[in-house]
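There are structures below to look over.
After this come two complexes, each holding chain A, first together with chain B and then together with chain C.
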Partner chain A sequence: MSTYGTTRHHHSPAAQVFSARERVTDYHTTLFRRLIWDGTVPLEIRVDTKELPANSDRGLESYFIQAPRASYLPLLMPEIRRFFTDLVFDETSAKDLKDDDWWFDTPDGTLLKWHWPIGLIYDNYTISTSVKNPTFLPSSTVSPLRLMLHLASPPQDKLLLSPSVEACKQAFMGQLKEADFIRWGNTKRITGLRKQDQDGIWEGIKEHNFDDFWRIASKVTPTSAPNRTQSPGPPSSAASMHARPPSAEPSGSSDREGAYNVRSVPVRLYLPDGPVIQDLVPPLLEDGTPHTLSRYLSMHVPLLFPPRPPAPPPSRTNPNPQPPLVPQLAYALIQGVVTPLESEMAWLGACMAGADGWVNVCVGINNG
Partner chain B sequence: MLTRPQFDIACRALVGKYAYTAPSPATTPLKGWSWHEHASINGLGYLSRRTIHTRFSCFGTDDEELYREEYEEQQDESTATAVPDATLVCQQYIVYSATYQVPAFYFTMHDCNGSPLALADIVNTSLFRPSAFDSAELTTFALNIPDRMFPLLSQGDHPTLGTPSWYLHPCESAGAVDELMRELGEAEWTTEEGLVRWIEMWIMVVSTVVELCE
Partner chain C sequence: MKQNFFKITSSNRFQAVIQFLRKELAWKAGEPLHTYINLAFSPAPDDTVSNLFKSFATDGHLIVNYSTTAAWG
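Now for the complex of A and B:
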């Protein structure tokens, strides 16, 4: 059994309020969080030969890196810069290059958003390739994402400005707060964190330190609560529960904080070269059954995920009829994993979300 | 708070209501908007309009001079291209924030060569009321008010177009609008009239920071 946040105890009044939330995270949740955290993607970075400064060593223009899915391009910059400065650029030209002017695209011209987690960039590229390249299969190939590094003149009408670590931190914290708001209708969990903890959660990302990150993140992320003993209330009443301190009901606190009690799961849907779709995603349906990925997808993209028709009535020849199969036109990729459609949205929110709290569902097209 | 369908109804009704009203200080913030849908996905519609602004001079003389904002009406695009060098073009959007379930004000600002302005320059234009950001701390990517939960102004992708934009953080606008609606009391509005009033009040709240009229 693994625990979070129980190794350090603070004695300030604020810490006492939160100590009640320092709870034991169940083994399965921890396992999936660890697997997600350890997920990496291969990147191959080369500088556009047309842009290489004079006197560069052209024999070594590619840099390979296995980047954490939870990281961001601005956080890789120091390492990338070190490689190119040491081995490719000559000293004088390296001095004139500013990281803030650096930007990436892929050989087919897709621009990389520096404020997206690297795992999302990779998955999003995977699904867009699924449309362009009919022979492409998501799970059979783990090929590096080939990136072209450009050293000047970022296209300001297509990428956010100033890809600095500070700007990245702000973008990350903004996402974290939005996810908190989506779950509970307010951002009290994040704002309730002390300044050191708010900074510490970002340090955990920057240093890619699982324990440091989850020691704080577990205070604001719901658990999957698989051993739920009582049926959780409807989502609408869950929204008002946050006002009561968790310590008011010690026995029920972990359930109250549970993934099935949130107002809505922070989910974004990415379609190949399409817009990002975001909607309220209640963890339970009106009849109290868990909301599933299958239901979510057939609601938002019914043409790609047609709802499965009901099974025919049982007959003497067929006492246990199965619903007719529908063609699998598309698949859902979450954290690089082709995700079973019967997955529950609340569980995905607790176990498969990115470090910023969001479940990014990338839809790819099946070919053949 | 507004649901997505309520937002759509309110925005379309707003466009219709002010299409033919005479421009006046009271109506210009509400005029000139047009409704756009995403080409292939439903439920991603937004309002947009284009306004013309100027930079604040460092040694301002008179407020009248500082506030030159003109409408680029669709029928006189020919004159709009002939504007002087100092002219700035602002593309304004009212989008739906799926997270906060309220409208959000997004914009981009370019000089006459099409180059986007840096944030330090944007805050010194006639788009904003002169004292709007007095207590704010400026970086290259956001405008923060100390001790506030969210930056007042930051950059983000346009929710429908996916292009980089600046936006005013929407999370506190709903409370202000609801308070104004309570002041207006229960009038005998149809659902649509009520929703238009809501979005009008929201635009009024935004215009305490953004200069939305001439």
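Now for the complex of A and C:
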């Protein structure tokens, strides 16, 4: 029935995509969006034993949940609260607990932010483990992220936002608009959505409904434009990123909203336990070639991703010289996937971004 | 405000800008104060000023707008 297939039928996105009546997002884009959307991470939640109220059932102290990457901690709270109040706390102490005061950290003391997507929290845990544990490999490990639930005294100044669903929605909409601004230099696509759609996009996250979410999100997310070869040659399309006003764009151009025509791709780079780097990431380089993940990483973190030196000149003994190999010191994790470095930034923006429109590149360290 | 231009160390989080604005305006703790970049969106409070400046500066300034009610969609 719908463009994107239904959320209940997890295993056959392909068949339903092609049954759509109207313009459809191309098959591969939808496939990747679907895979990202269906991505989940395992969480183990336990209450700090020192904080467990008297008379709690200590035999049931952990709660395990497989949470959607695209979701947020405030959205999981009702389920977590139900478990602990029904099964762990006794009635009297449950009444005294205010879940406005609840907050999470990890066993090593990292605070969990309410407004970060759960997938991003998990990937940050993965890369920070890659530094602390030399035998750690991202692909071989699906251990749950252990979260410690605290029942009182939230460190408000570090959590930054209140744990309410409303605050989470506002933060999400803010990120969506910031991503829109990065892409096009304004937020007209988001502000141009009807109120009903603006609320609907968040409902799609809340209910974890792929159709509801992407029906609206596809209006504001660029397509991955497989027909990019039909656009003008590389130099002119590179120039068009900067100067061409919207009114001068050819109407009906099929890739006007395409990922390779944005000013910049919304990307954030996360280092283990470190700062977050955000910069303008044009989809094409000055010579008109696509901006790749490899180029992006060697520009921002050259010590971890050394640029590959050019091949030596051909000689009689070696007519086809290969560029020397550089050691692979680090890897890039996007949506939990170790991502090939030749991936194009524009494609990542269209296919591997989070629900808020941002591509979160987490850098882990290879131990070797 | 008497002054419109301020300098801030770029490694600060945007949260520091919000706190500074609240102090400068003598804003009460519980009262909502909405902050925007370029009349367009509210950044996350943990974005650094440096990141925001790199992406959104206009003529060497990062333009921050504030409002007592939610604005701009």
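The criterion applied here is as follows: the second predicted complex is superposed on the first by the 319 of 368 C-alpha atoms of A that agree within 3 Å, B and C clash if a C-alpha of one lies under 4 Å from a C-alpha of the other, contacts with A are read in each partner's own complex, and residues count from 1 in each chain.
The rule we apply is simple: contacts are C-beta pairs under 8 Å (C-beta built on N, C-alpha and C of every residue); 3 or more make two chains touch, one makes a residue touch a chain.
For clarity, every value in this text was computed on a predicted model and none was experimentally measured.
Enquirer: In the superposition on chain A, see if there is space for chain B and chain C together, and answer fit or clash.
Expert: Result for chain B and chain C: clash.
Enquirer: Just chain B (first), just chain C (second), both, or neither: which does A:Q198 touch?
Expert: Once the two structures are laid over each other on A, A:Q198 reaches chain C alone.
Enquirer: Could you say whether A:T187 touches chain B, chain C, both of them, or neither, answering first, second, both or neither?
Expert: both
Enquirer: Considering only the touch criterion stated at the top, classify A:G288 as touching first (chain B), second (chain C), both, or neither.
Expert: After superposition on chain A, A:G288 lies in contact with neither partner.
Enquirer: Look at A:P314 in the shared chain and tell me whether it touches chain B only, chain C only, both, or neither; answer first, second, both or neither.
Expert: So A:P314 meets neither chain B nor chain C here.
Enquirer: Once the structures are superposed on A, label A:K177 by its partner contacts, choosing first (chain B), second (chain C), both or neither.
Expert: After superposing on A, A:K177 lies in contact with both chain B and chain C.
Enquirer: So in the superposed three-chain picture, is A:K113 touching just chain B, just chain C, both, or none of them (first/second/both/neither)?
Expert: both
Enquirer: Taking the superposition on A as described, I'd like to know which of chain B and chain C A:G274 touches: first, second, both or neither.
Expert: Once the two structures are laid over each other on A, A:G274 reaches chain B alone.
Enquirer: For A:S162, select first, second, both or neither according to whether it touches chain B, chain C, the two together, or no partner.
Expert: first
Enquirer: So which positions on chain A get touched by both chain B and chain C?
Expert: 113, 160-161, 170-171, 174, 177-178, 181-182, 187, 191, 275-280
Enquirer: Applying the document's contact rule, which stretches of chain A touch chain B when the two form their complex?
Expert: Residues 113, 156-162, 164, 166-167, 170-171, 174, 177-178, 181-182, 187, 191, 271, 274-280.
Enquirer: Considering only the defined contacts, which chain B positions touch chain A in the complex?
Expert: Result: residues 4, 38, 40-41, 43-44, 98-100, 108, 115-116, 118-119, 139-142, 149-151, 154-157, 159-164, 171 of chain B touch chain A.
Enquirer: In the complex, go through chain A and note every residue touching chain C.
Expert: My answer: residues 113, 115, 160-161, 170-171, 174-175, 177-178, 180-182, 186-187, 190-191, 193, 198, 264, 275-280.
Enquirer: Where on chain C is chain A touching in the complex?
Expert: Chain C residues touching chain A: 15, 37-38, 40-48, 51-52, 54-56, 70, 72-73.
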